[in-house]
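Two complexes, one shared chain (chain A), two partners (chain B, chain C).
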Partner chain A sequence: MGPASLALLRAAGKQYARQPTNVVLFVILPPLFVLALGAAMSTFSDVLGGNLTERTSTALAALWAAALLSGSASFFIVSASRRADERLVIAGMQRGAVEVAHAAAATIMASAAGTTGFAIVVMTTDIASPIHLLAAVVVGATAYAAVGVALAFVIRGDLEGSFVIILVFMFDAFIAGPLGGADGFWPNLFPLHHPSELVVDAALNADVSAARYLWSAGYTLLLIGVAAAAHKRRLA
Partner chain B sequence: MEAPAYQATVSTALHGRSRATPTLAIADVHKAFRTGVWPRRRSNEVLRGVSFELLPGTMVGLVGENGSGKSVLMRIIAGSLKQDQGTVALNGRLGYCPQVPMLYEKLTCDETFALFGRAYNLTTEDTRARANRLYEVLSFARFRSELVEHLSGGTRQKLNLAIALLNEPTVLLLDEPYAGFDWETYQVFWSLAGSLRDSGTTILIISHFLHEQERFDRILRLANGTLESGGH
Partner chain C sequence: MIALELSLVLARQYLRNALLVSLLIIVPTVFISTSYYTTRATDIEIIVTMAGGRRPIDVWMPDLHGAIMVPIVTAFLAGIAGLFVMLDASRADGRLAIAGVSPRTLAATRVLLISSISAGVAFLAAGVTMIHSRPEDIAVFTFANVLVGLSDGFIGALAFLAAGRLGGAYLMLFVPMIDIGIFQDPMMISGEPPAWMKWWPGFGGTRLAIDAAFTGRGDDWAALAAAVLWAAALTMVALETFTRRAGLR
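Showing the complex of A and B:
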């Protein structure tokens, strides 16, 4: 990463940290999801037609918290700086440097959100394969970071953006994932479907299917491509 | 009536300068915006072949009714909007002050200067020295550690203008740069613009005020997507 991207990344970090709501959400959301909602979700799963145990639903809660946090954080970081970034490019900053800075900010948010949720899960729950769980949570968070970045170039208002991210997340978590026992092809279309299956495998078994990783990685790469294309189109 | 594409030249008699290479040359620029969705999709042609050239050391006013395409033309020149047709040739460093400040709301003035200094490829020392001069000239040094979101409209506009001046541009594009300025700052602005012009900077200013038009070396009047007259 060049000095220009680094300077922009530092600026993005400052802007994020100076919004108290962001910080509060980052501190509250992972423990709230994992500790307060995780176990209750196994009961809710019965209602929706799934069959999650307390262990798997707690592990899934870490993925959800990470996805929601990284999606909304990436949206806010890119959305808040869109016009100023445009001016930086006019002033002579390379478009690539702006793109790298945003990608790095989204990756850092996804990793931080994923690691926080993961840490709470492994401290409170017996997980068969923590490494696979961490990988699945970070992949899911990265997919949502890409969704957040792409939406920031399509949706103008913060409120509208938050609403769309939450709407996609609700479909993703409650209908397309193991919580609702989704079956058939259509659940594959949602970003968290395969990372969720990975999380369930990681919570219960030491081994996970390589095909799940391929699907998760493929879908996430596709979303990153969409986000990059939206980014490039907007700053072009 | 549509005026033909206009090639502006600055009278050498105005400043006693010999004819020099244009610092800005705009040729046959067209821009249309498409709105709506099929079957009600329509195209609104904002610029229909705008052409002019500006020489060093001139201050030019760009005037026209609301919606005549002044800001669109300026954004095209700045490079933040692509024209559908035509060319923009810029010879030198560009400074652009947009109508609505495009700033990072949660950075301080100092941090904003530092970031734009990096974009202009200035050293940290140069950025700091130039920022200090601009703080002094525009009288907002006491806000240097304030977040942009906490600045008043006028102070925000000062920062907006200062960012455009930070790289000591040879071509300066100002889109109603004094909105929100108090009278004293307004006077300082024109004095600053005059001295920049005298030192060879080409300045293109979007203006709405008739009384300001005497300050310009020439006026470019946009109407119906083209330049209407050669000014005075």
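Showing the complex of A and C:
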């Protein structure tokens, strides 16, 4: 990362930190969500036809919280900085530097959101493979951060963007994941499907499928590519 | 009168946004229909208010899921809409104040607009569930969901004023899910929920809606009182906060 991207990233971080409410909510919402949802979700899984225990439910809640937070944060931050980005490019900053700064910011948000949710799960639940759990949560959060960034360049309004994030997330969480006991090929098309399965495997046993990691990483890279292409098109 | 005219003009601005209108129709339709068809086809026991007491009854699980998705979707959409109506207000109301519109009128306009969107979303969501299963008392079921929508619409608006655009969005993505999607959902919390869950804004409206859907009698007066009190209190707080804010410009 070059000095221009680093300066831009530092400025974005300062801007975010200047609104302490955002930071506080970012830190306390995942644990609250994990604790509230963990106990109830195993009952709900039985309703939908899935088969989850309280342990896997808590781990899934961490993934969901991280995905929702990083997706919405990326969408709102990138959507708010569109004009500033255009001005920076007009003023002579390399387009690539702006893109690298946004990619780094989204990755940091995804890692931070994933880590807070992961920490509360590890503190409250006996997880078979914490390392795999952390990796799956961060991959899922990164995929949603890429979705948020891509949406910010396609959809203009905050209200419409929020509705799309809610729509994609609810489908992903309740229908395409282990909660709904989804099978067949179509669940593969949702970004959280394989990270969710990885989370379930990591919670119950350390035997995690390498193919799921490959699919999750490939899908996340594809989403990052889509977000980068949308960014490039916007700044062109 | 000016408030009504202004809110009509502002509502027209939202109605001109084809993507927004499409999403307002697509989101409830997709959520409620999908939840109906993906739920296991079997009975589930829930507790409802009947003959003056709380009694267990067996209901068809897809019908219950379709019914509970109405307040969940209403709360999500009304909350997010309330948040961004206030965001737009923060940009436009300064100019309207300079143009001579009084703070009380500006506040009343925003309250009317948020109330209309919340009620509209509740009617739409209740209408979608009727495609799949007919609640026994449609009028009380819809009314209960309007109360949920009003409460969450004003929570969204106040969340923007308290936490800003991003913080407010975080709150409105999680609060409806925790309140109505977990604490008030009879599929999540089996039996009678603990007392502290009944203090949440979604409690009264959701309980009234479930009773109306499956017993045909929305006669849980405590739930009705809780829902009306939350909706009225949040409307008054929003009106007062909006007025003060508009007066400070």
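Things to note:
In the analysis below, the second predicted complex is superposed on the first by the 230 of 236 C-alpha atoms of A that agree within 3 Å, B and C clash if a C-alpha of one lies under 4 Å from a C-alpha of the other, contacts with A are read in each partner's own complex, and residues count from 1 in each chain.
Keep this in mind: a residue touches a chain if its C-beta (ideal position, glycine included) is under 8 Å from a C-beta of that chain, and two chains touch if they have at least 3 such contacts.
On a predicted model such as this, the values are computed, not experimentally measured, just so you know.
Looking at the shared chain after the overlay, A:Q19 reaches both chain B and chain C. Contacts of A:L8 after superposition: chain B is touched, whereas chain C is not reached. Once chain A of one complex is fitted onto chain A of the other, the partner contacts of A:L37 are limited to chain C, with no touch recorded for chain B. When the shared chain is aligned, no partner comes close enough to touch A:A119: not chain B, not chain C.
After superposition on the shared chain, chain A has more residues touched by C, the comparison being chain B against chain C.
In the superposition on chain A, contact of A:V164 is made with chain C only, not with chain B. Touch criterion met: A:I90 reaches chain B, while chain C stays clear of it. In the superposition on chain A, A:S81 makes contact with chain B only, not with chain C. In the superposition on chain A, the residues of chain A touched by chain B in one structure and by chain C in the other are 19, 80.
Taken in their complex, chain C has these residues touching chain A: 17, 19-20, 23-24, 26-27, 30-31, 34-35, 38-40, 44, 61, 65, 76-77, 80-81, 84, 87, 162-167, 169-174, 177-178, 182-183, 185, 187-190. Against chain A, the residues of chain B that register as touching in their complex are 78-80, 82, 94, 96, 98, 100, 102-107, 111, 114-116, 118-121, 147, 163, 167.
The part of chain A that touches chain C in the complex is made up of residues 19, 21-22, 25-26, 29, 32-33, 36-37, 40-41, 43-44, 46-49, 65, 68-69, 72-73, 76-77, 80, 155, 157-160, 162-167, 170-171, 174-175, 180.
Residues of chain A touching chain B in their complex: 3-4, 7-8, 11, 14-15, 18-19, 80-81, 83-84, 86-93, 236.
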